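Order of writing sets the labels: A, B, C, D, E and F. Residues in every chain begin at 1.
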Amino acid sequence: MINPNSNEAVTEGLRQAVLPLSYAEGPEIVCETLTEGPFGVETQEHAESVTIPLRRKVEAANDVDAFVIACYSDPGLHVAREGTTSPVFGIAESGVLTALARADRFGVIAIKTRSIPRHIRYLRQMGLMDRLAGERPLEMSVAETASGDRTLERMIAIGRELKDKDGAGAIVMGCAGMARHRRPLELELGIPVIDPTQAAVAMAIGTIAVR
Amino acid sequence: MINPNSNEAVTEGLRQAVLPLSYAEGPEIVCETLTEGPFGVETQEHAESVTIPLRRKVEAANDVDAFVIACYSDPGLHVAREGTTSPVFGIAESGVLTALARADRFGVIAIKTRSIPRHIRYLRQMGLMDRLAGERPLEMSVAETASGDRTLERMIAIGRELKDKDGAGAIVMGCAGMARHRRPLELELGIPVIDPTQAAVAMAIGTIAVR
Amino acid sequence: MINPNSNEAVTEGLRQAVLPLSYAEGPEIVCETLTEGPFGVETQEHAESVTIPLRRKVEAANDVDAFVIACYSDPGLHVAREGTTSPVFGIAESGVLTALARADRFGVIAIKTRSIPRHIRYLRQMGLMDRLAGERPLEMSVAETASGDRTLERMIAIGRELKDKDGAGAIVMGCAGMARHRRPLELELGIPVIDPTQAAVAMAIGTIAVR
Amino acid sequence: MINPNSNEAVTEGLRQAVLPLSYAEGPEIVCETLTEGPFGVETQEHAESVTIPLRRKVEAANDVDAFVIACYSDPGLHVAREGTTSPVFGIAESGVLTALARADRFGVIAIKTRSIPRHIRYLRQMGLMDRLAGERPLEMSVAETASGDRTLERMIAIGRELKDKDGAGAIVMGCAGMARHRRPLELELGIPVIDPTQAAVAMAIGTIAVR
Amino acid sequence: MINPNSNEAVTEGLRQAVLPLSYAEGPEIVCETLTEGPFGVETQEHAESVTIPLRRKVEAANDVDAFVIACYSDPGLHVAREGTTSPVFGIAESGVLTALARADRFGVIAIKTRSIPRHIRYLRQMGLMDRLAGERPLEMSVAETASGDRTLERMIAIGRELKDKDGAGAIVMGCAGMARHRRPLELELGIPVIDPTQAAVAMAIGTIAVR
Amino acid sequence: MINPNSNEAVTEGLRQAVLPLSYAEGPEIVCETLTEGPFGVETQEHAESVTIPLRRKVEAANDVDAFVIACYSDPGLHVAREGTTSPVFGIAESGVLTALARADRFGVIAIKTRSIPRHIRYLRQMGLMDRLAGERPLEMSVAETASGDRTLERMIAIGRELKDKDGAGAIVMGCAGMARHRRPLELELGIPVIDPTQAAVAMAIGTIAVR
């Protein structure tokens, strides 16, 4: 699993997020930081700036059975796939697909309003718009999201809007670093909440196991 | 995992199929036969006849963390979901969603021509028709499919048509009992081949692990 | 016409609803109650529980020229079709198709919120979502709907929202037992209102007449 | 029912086609010829040339309970609707909607190749493309279609292609004057065949009956 | 460029609108009034009434390299195309297509509420509904729109709703006579605003230039 | 107009292609080569490798009124748009949108089979799949395409298949360097043929002119 941003704290969060999926007999899950990446992937420029570095990292990793790109914009997904015979999973794609196995229509919690057009464009590319109930932003600063409690509180409020106003039957957390809020959010909302990094790793494990 | 048909040999095949996903620290995977089911689910009547028995079985299984309904028509999926707070996965849904994480457009190998309208209707219900490259039938009798070699040979021929004529980038095996052919078929075709029972169990494990 | 619930009062209402379509030279319209059915079809379990009994009833009725399943979830429609060479009409399907001949986009009045996801899933299966303006619930108890005046009042309010807020140009009454409200509702709203049982019977008559 | 072309023989064919739907207690069905119309509606110009004359005819007919425009291009449908409070049915729309109540995907038999883009554009306008299996032309001259036997023979051949190659489960005859071939074609193909004029009249009767 | 209504002031507005696209070496842009047209195209009847006159005008203009029909309902577009080998552009079609080159989702400012269903039907015919953010009406009388200032003020208010509430990234002015407001509206809203007559002429010039 | 590959001959071809759109009073059209680019953009890696260099070039060009990215994969389109307040046009997007103003369904001539999935994915992202008749590859080597005559011959053959087998009413040349074949191809096929670089420049000129 590659964290395309250079924030090592995010990578550590990924390690915690996928710990429950680490089985002694299963594949080893290694979370790495893309040191060339920006501190956070917030713009289209950030997303584009990591695609070739991700490709290089994938090409250099000869003995990896599957890759996960851990950014909700799935940057470099197709170029990484072109560079390896191992499967490559994007967390946005995996998160949404996993939500579709849990409810008829899903909602997405985005960090910022400005990411939503990019996400919608990507959902349209995936041909999955008919199942989208809605996407709503937390609209919090990075500093604010760092403080856990206020973030959870805000996610619950946004999640309720997605459920009650938009008719979402499941929620995808539209960011790589929110896994610790998944369980409390699910308990509050009463509908499935998907952490996309966990969803992608589960798919990767399933693929590796049956080779 | 519940086999909705009463053919115990199919259930034994399921056990073999998901063996690679059984981890000592992971959830125990139990494959059961729906004794009330028909010997095979080949018609709409067969599919409808198992929905309420599946619901009863799900309701009675209080300590199960996740269910998988192991028939490519996903019979009773929604009524089973209504009867439990645990997640319920259908193998057709999971198989197709997993294929979407591997290629832009997927093909389906059906056993019989007559199943295809039912599958198409279901894909339309899931809103996933835009990603379907095509579905083609083996058109083999049950007796013929029982003999492994001829089946694999036929699957390779059909898989090649899906890949070369229809443009499929991944193949979903549209039946519960074909897992042993997955790997040889994938090697022959050179594109990912998804066994839907394995795909559903991987999704179930991923859901259970992160509770 | 088969009422899949065991509420004989609903069946009697169906008889009244289709009386205007009974011509001396036309086909005889017989409304029967599925005695094995639940008192009302309100859940997925209710819907699934009647599919095989409906199939049996259809198979046993050898001299029937066309069948209508009179429940807005169209339970057992496909399995009934598989069991007879006579055409089988579902009232939800017929009601929506008839609305499409009257306006560009249609609205649906549902009894309860919880039916809406099931209806949406079915509309997606039919490939008709692009024409849906919206679906809104009466959210009344069975006891309340039994009292006609309050029901009509509520239907008018909901119908106005579908017309004015959602842009519906025609309304489908999303239930088998509302035919007596059709005309007053249409007069109040000023747009076509479709009773789905009447729509299905009209289609059935048209099919039988031209054999 | 208005025949937008000035060919009185076609109007006479319409009268025969809807005879089975004429009930003593039902609405009187009057078939009229649009004398201003072209001898046949074969081009976009033909279709556009009849829209205002149809509007005038509809406006002048104050005591008509419902109108049917009997040309498979549904010329003037929306402008006619704007000019009357009575419902107006187009045979293409009604024919396709009726086919959707009989099978998952339908095929259309067109007279000429050059009509197909116009029909496809119209199906897209109706939002019904997801249910189209295919449209294929007879490619016969008017003189040839006048001779019944060769026409039926050709319709059977085209119908078989729609059924076997395109997967159509029902056939719509894409022309106003083919009703007499409906039954023999249906018997040959073994799937429902819809005459669009009969479909539209059945919908009109159903609407009038329940006022 | 043909103004299908007989209001010469509108034609004069068109001349002003396309002045910036008149190059000495480029094609001469001639704006003509359809004298047979209604004073304004506000109803379906108005739209249908000009189709054959437009066809005649196009047929008579033998030395014209490209035609533009300057009414946001694109009346007679297909029948005009059938009558000439020169390309024919409709301003609604060109305006929307040009907006798609500027933003992911577009909004439309309509003059009146009653035009919106007609526009939606047309967008569905073009297969472009997935990119529509919303359409909202000015709901002004002709007299009111004649007074420029109030019109601009109202367009800004409606444009803000399309941008902020519906998520439009570009705006199409849904009328032929608003070009003088394009620039100020764009400056106020901060997103691209498309005048459809200018968009159509630009496409026409591009087509002529490369012959 | 920026040629994202480093092949100066292609850039020279672009200059010739857009010469007919250079008006003395119009905007100056400058065609530049992205010197950092690969010799040709044939893979996803090639496409991704030019996105950030294109962004830098766009950011550095302060006095440019509009940009055109001249590669049929539209690499870096969104990241370039994020980096400038001037409009940025991609030739694939502009070419397809322009084709939609000429015919109901369009076909695309690709150079290589392997580009087709990338193009399909992009068409799905644009929400324009409903208008695609088909895409077919020339399947020629770079050396072969360099020789003009054989290329045109092959394009005519492929164009005929798109027109006759797939039903395309217009053709988009799916490459930046084919402009010289546009006119002869159009004459041979008898339907509009769009050179995407000319289409994009026409849109850019239209946008600049009306500022």
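Convention: contacts are C-beta pairs under 8 Å (C-beta built on N, C-alpha and C of every residue); 3 or more make two chains touch, one makes a residue touch a chain.
Chain-to-protein mapping (UniProt): A, B, C, D, E, F = Asp/Glu racemase.
All of these numbers come straight from a predicted model, not from anything done at the bench.
Each step here moves to a touching chain, and the least such steps from chain A to chain E number 1. Residue numbering at the chain A/chain B interface overlaps substantially, since over half of the positions present are found in both copies. The interface of A-E is repeated, with over half of its contact pairs matching by residue number, by C-E among A-B, C-E or C-D. By count of C-beta pairs in contact, D-E exceeds the other of the chain pairs D-E and A-C.
Separating the CA-averaged centres of chain E and chain F is a span of 26 Å. Per-chain CA centroids place chain B at a distance of 42 Å from chain F. Residue positions of chain E with contacts to 2 or more other chains are 121, 124, 126-127, 130. In terms of which chains touch, the assembly is arranged in some other way, matching none of the line, ring, star or all-to-all patterns.
Listed by label, the pairs of touching chains are A-B, A-C, A-E, A-F, B-C, B-D, B-F, C-D, C-E, D-E, D-F, E-F. Those residues of chain B whose C-beta lies close enough to touch chain F in the complex are 104-105, 130, 167, 169. Residues 20-21, 23-26, 87, 89, 93-94, 97-98, 100-102, 126-128, 130-131, 179, 182-183, 192, 195, 198-199, 201-203, 205-207, 209-211 of chain D are the ones touching chain C in the complex.
On the side of chain C, the complex with chain A involves touching residues 116-117, 120-121, 124, 129.
Interface residues of chain B, counted against chain C in their complex, comprise 43-45, 47-49, 51-52, 55, 76, 78-79, 81-83, 118, 121-122, 124-127.
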